[in-house]
């Protein structure tokens, strides 16, 4: 996420979830620690996977994580503080043959200020078969339905 | 850190520190959680700041953090597992007027395999004065001494 | 908290707050990690201190923590899992001259099952004066008001 | 661990391991967070289980955790700070029919001051069979060998 890339806007996202800042999320500077933003992204990923619906059995924790994280990045826009309620927005921005990319926007619920923005790339992976796989059509269709758009390869 | 950028090599780094994987660093998949890589980067930043020497009093925790983190990214190269001993390498790759950039390489101590690579941008910030500042010459010189090279603006 | 001590009941508590299990709260066994229960206790302590009202200025993070934790313990009653919504109950059970004791009960919101129970002892401490202090009357009265009872020394 | 119980001494322990305080272990008060002491206990448990030797195959993460944690407690003796190197001592103090108890002592490596002391109770549990089991003789013998003493039921 380059500095000159424009920050996405809240209305660009179909999915979001809320998270409350815990005392343990702060570091010695009194702000939410930089690594915790990635935990917030992860909370959104978990929620997004659950929201995708039944592309698989998902009777198992491992079915909620049909991917290996390839890379992730965050740009910090403002400090988040104790007890603040945050909204973590997530959208799919690219679906390739084996990998797909998410974009994240964290905003503060009280004043809507942007707190952080990020991107991640996932490779489709079956924990059962223990190997990467081409993205199944069923998975792509679940994303396209949630995002209400189609994705070119 | 784009996928096609070359991974830096261990010998490119003057500074490194070791970290041991804790059980709590693992997530439900049994590997070191993605957010924890950023905690490893942070451990290296702390050690690097201490290694820089006396650009300031550093009698205080806040003097060890003369920056605000602007952005950080990680590319995952292999999974790290319980009790593994990792080496986190850090080098400065750019010093600007107000910001400077670090590059990270995590390797496994036992087999030297690359585990993760990353970058971060810091803005020089005085917690005492509570504002960003141009990078002081003393700070730049400490980095140049440690890195045994000069940096163009 | 001895094994044969009776587990407190939800109706014994005037204060509670909710917390949602994050993926990062799980450990490699797939359950909420044992140390995270103490983070849940801490979330309740923070909320309880905020609920106590203006025994001090509380314009500052340090005013929310007028104590040093002396000891804390937890007995685990059932495993908590991903995305589960928990309720953390907290009550004061003793106020001494310099220290006071909290009791905790964590229940699952969906099925009300007890998840964990605990106790902690705090010593009254002023971060401003950097020393322990006798518990101020104003602090005691705030607790007595919230708990709707009086405490013998 | 009652306040009037005597603090165990370093020489009472056959097993110990070292841990380094990370920046992320600190909380907004600038000290190691209370919940992190339990992560330190856990690091020692992991090391202790590995040190016990081959009571089972231990080819698997789950074999390293033949227990469910029943309860754990910590008494805080002094604050631990950034980059401090700590020693976590662990010993078995009781082996029952189905449960066994550990005692912990954390000291600072530089000045040997006691930092925390704790206890935990574990129930023997097979993750493979998914049930609690009587403590196998092989497990008891591994502990007795490491501790160089026998335990009455």
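Each chain carries a letter (A, B, C and D) given by its place in the written order, and its residues are counted from 1.
One rule holds for everything that comes next: a contact is a pair of C-beta atoms (placed from the backbone, for glycine too) under 8 Å apart; a residue touches a chain by one contact, two chains touch by 3 or more.
Note that this is a predicted model, so its numbers are computed, not measured.
Peer 1: Farthest from chain A by Cα centre, which chain is it? Let me know.
Peer 2: Looking at centroid distances, D is the chain farthest away.
Peer 1: Find the pair in B-D, B-C or C-D that has over half of its contact pairs, by residue number, in common with A-C.
Peer 2: B-D
Peer 1: Report, in whole Å, the distance between the mean C-alpha point of chain A and the mean C-alpha point of chain B.
Peer 2: Their C-alpha centroids are separated by 24 Å.
Peer 1: Using mean CA coordinates as chain centres, what's the chain B-chain D distance in Å?
Peer 2: 32
Peer 1: Roughly how far is chain A from chain D, going centre to centre by Cα mean, in whole Å?
Peer 2: 36
Peer 1: What positions in chain D touch 2 or more of the other chains?
Peer 2: Within chain D, the residues that touch at least two other chains are 23-24, 28-30, 33, 35, 39, 42, 61, 82.
Peer 1: Across the complex, what residues on chain B touch chain C?
Peer 2: Spelled out, the residues of chain B in touch with chain C are 23-24, 26-30, 33, 35, 82.
Peer 1: For a test of understanding, state which residues of chain A touch chain B in their complex under the given definition.
Peer 2: Answer in residue numbers: 1, 3, 28-29, 33-36, 38-39, 42, 61-62, 65, 68-76, 127.
Peer 1: Can you list the chain C residues touching chain A in their complex?
Peer 2: 19-20, 22-24, 30, 39, 42-43, 46-47, 50, 61, 64, 82-83
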